[in-house]
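Two complexes are shown next, each including chain A; its partner changes from chain B in the first to chain C in the second.
Up next is the complex of A and B:
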């Protein structure tokens, strides 16, 4: 029964992770920036929601305002930092270092304002349990699954059915051609990072709702999500989501044989296996 | 006076680490945030062998640590460098987080979060190094040797090959050079530098804990290179001396102790962004 419970918990964690992976994949496939600061936005979303909830702002607003704030921050990051670097023809490495610097800044502003200690959300319904036969889940976990699957479906619809979505995919597949045909890649990049930041804010609020907030907790989920993205095939939204779920399930099942501290080892092991045997990922588009 | 000696010794240890980071990030252009992890592995290995029931002396322990760090770096860089530079970012974050997990949770080997106290002082062929003055001499010798090695490597054909890879990997491959082998060799060399620095660090402080080798430490190393200047010997020396002085300057400003660590890391982050935007060559380096 423990295995079943772990399997289900893995599915829940995997859904949340899947949204992180989708959002990172959007940024990486389009802008080619390895946007490490995404982990900072993930963390920031949760802290903003916590502040709003402690000031007793209505719950819906406490979810939506952080999402909007993260979108704005993401757009600013692209237009003020990455675009400037791009204009100076900065190398990939320079952009990466600047992104890492931004991550350090966001994390440590949070740590200075909210202290580095763990914070719990002041809600009483979030940890109430619901039993499904032998499996027990709390309301937060149910909400996480619902929101994450909706986010996945929404992203798929957005990417394939809307004009902006198609424009993003066009820029992702060939920035030079997109520039010539006046799709304005630089503007698209701002939209993409804003959308991705809004998306990553959802698991950024939902996961800490269950497990609590800590300022430096964003890096591990981002790393796991990145591995899922690579294993799924860069550019494939479905691949990123499915592989996130698979990795989270494997991580949770590994708890049967080893303590939880080593789960990062399991993730990394999966990454090395993929590097050795299928570096293009499972769902890689033909190139 | 002791305070000054401590500063000099630590700065010189960080010069070795700076050389290691510069080799990877500056010269070859591989982004790495796992240098602190390798540094930590070196420190723990030296501590382990010098505190074993049948203790080894300093030089053999250091040699074992350096060899292990070389092997570690070859093993972990080989799969991802085979594919793409971006995938190495994942590898390097992965190693860093994995190493921190091992340092904290493998209590038997590393003392866990409480750290590992009572590491004996080093000796050079039977001559014990105990006072701070002797330490300064030892670390100066080590860092001068490190700088000399770095300078010689950069003058050698291998150094030119590494610089060429940074400029244009395809051209180097087209010229018939083995790019992967050169990159992995550079990583191995960086491992040797970091491992040696780890051994010096462990024996000097006689106490090590996981928090000296975490992601923040790696970011500090990167900041040192970025501020000092990438790709030059001068940069690798200026950066550590400047940034290690920063915490002392911060004590003059009245910051509550609870947020002092966060404030320090915040400054490192701001320095990284500012230098990348306005002066990517650092104080004494070449353009990244």
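Up next is the complex of A and C:
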């Protein structure tokens, strides 16, 4: 029974992680920027929602306003930071350091404003349990699965069915040609980071709703999501999502046979083995 | 009337000047075979005309307007189109998506070539609509690249080695298509080619570059009658 409970909670964690992974993957595949500050946006989304809920703003708004704020912040990061660095022909390393710096600034501002202590959301329904036979989940976990699967489906639809989605994939596929066919890669990068920031805000609110908020809690999900993205094949939305779920389930099931502090080690072990056999990732398009 | 004029154009990368004092003008409908050995500066010239590389000196006039300060997007809107060497398609998108995404940004109300026109010109693309562009054959990829280059209202095509990796009969077909397009729509083309013989067959004019400078400028028959290979 414990195995089944661990499996199901692993699926829940994996769905939330999957949204972090697909959003990070969108940014990385299109802009080639290792956008570490994405972890800061994830964390900030949760804190903004917490503030709104504390002031008893209606629940729907408490979700939507942070999503919009994160999208704006993401767009600003691209247009005011990354695009300026690119114009000055900064190397990938410089851009990575700028992103790390932005992450540190966001985390420290959050810690200064909200204190570094764990904050719990002032909601009474979120931790109420629902039993499905032997498995028990709370409402937050159910909401997490529903929202994450919808975010995945929505992203797939957007990328393959809308003209902006196709334009983003075109820029990712051949940026030089995109430039000379007026797809305007620099504008597309702003859209992409805005969309990815809005997406990552969803798990940024939902996960802490269950586990509480901390200023530095965005880094581990981002690291794990990066692994899922690479193992799933860079650029593959489905790959990033499926691998996130698989990694979270394996991490959870590993608790049956070893202590919890080993779970990150397990993740990296799987990753290394995986990369040895399939270095382009599971869902990489044939080239 | 001259459509495109380069006067004393110079450009390069870093400390290195790759082309210097490149000057010529092209009339509407003219096809120029732009030849030279590897590294002679042909691609650099095309990139500078397109706006991918800033000129160090000289003037660029397109359709009566100075363009050397305009960005790439503006030049494309005016009708300058580049088919880049070996990278003219979006490999991860389907054929239909390639065409849709370029058409959405380039085909306006009075466009010369819309989506239906390119499918009519290249029927094989219609058949391969759902196929991932990267898994098309080399010849089909170049057809798609040419289709993407002409969507909208092109007036001057800059073709960078479009025949690379193609079988000889495909090269002939592709070049005939380029010539027919230029004749029927008064489009100008600059054709950079290693396949000298094929390029000379459709060209109205030949320019040969060597070490970043123009060393021959004349008609195809003049080129054939001169000590042609000495220029390379």
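Definition applied: the second predicted complex is superposed on the first by the 287 of 287 C-alpha atoms of A that agree within 3 Å, B and C clash if a C-alpha of one lies under 4 Å from a C-alpha of the other, contacts with A are read in each partner's own complex, and residues count from 1 in each chain.
Methods note: a residue touches a chain if its C-beta (ideal position, glycine included) is under 8 Å from a C-beta of that chain, and two chains touch if they have at least 3 such contacts.
As the structure is a prediction and not an experimental result, all values here were calculated from the model.
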**Message:** By the touch definition at the top of the document, which applies to A:94: first (chain B), second (chain C), both, or neither?
**Reply:** first
**Request:** Considering only touches as defined above, state whether A:272 meets chain B (first), chain C (second), both or neither.
**Result:** first
**Message:** For the overlaid complexes, name the partner, chain B or chain C, with more touching residues on chain A.
**Reply:** B
**Message:** Is A:172 touching anything from chain B or chain C once the two structures are fitted on A? First, second, both or neither.
**Reply:** second
**Asked** Taking the superposition as given, does A:220 touch the first partner, chain B, the second, chain C, both, or neither?
**Response** first
**Message:** Which partner chains sit in contact with A:54 here, chain B, chain C, both or neither? Use first/second/both/neither.
**Reply:** neither
**Message:** One more residue to check, A:182. First (chain B), second (chain C), both or neither?
**Reply:** second
**Prompt:** Does the superposition put A:162 against chain B (first), chain C (second), both, or neither?
**Reply:** neither
**Asked** So in the complex, which bits of chain B are touching chain A?
**Response** 25, 29, 31, 33, 79-80, 82-87, 89-91, 93-95, 97-98, 101, 104-105, 215, 219, 222, 226, 258-259, 261-263, 265-266, 268-273, 276-277, 280, 288
**Request:** Enumerate the contact residues on chain C facing chain A in the complex.
**Result:** 50, 52, 72-73, 76-77, 81-82, 84, 87-93, 97-98, 100-102, 104-106, 132, 134-135, 148, 151
**Contact footprint of chain C on chain A as seen in their complex** = 163, 166-167, 169-170, 172-174, 176-184, 235, 285-287
**Message:** Quick check on the complex: what are the chain A residues that touch chain B?
**Reply:** 34, 36, 81, 84-85, 90-98, 100-105, 107-109, 111-112, 115-116, 215-216, 219-220, 223, 226-227, 230, 259, 261-262, 264-265, 267-268, 271-272, 275-276, 279
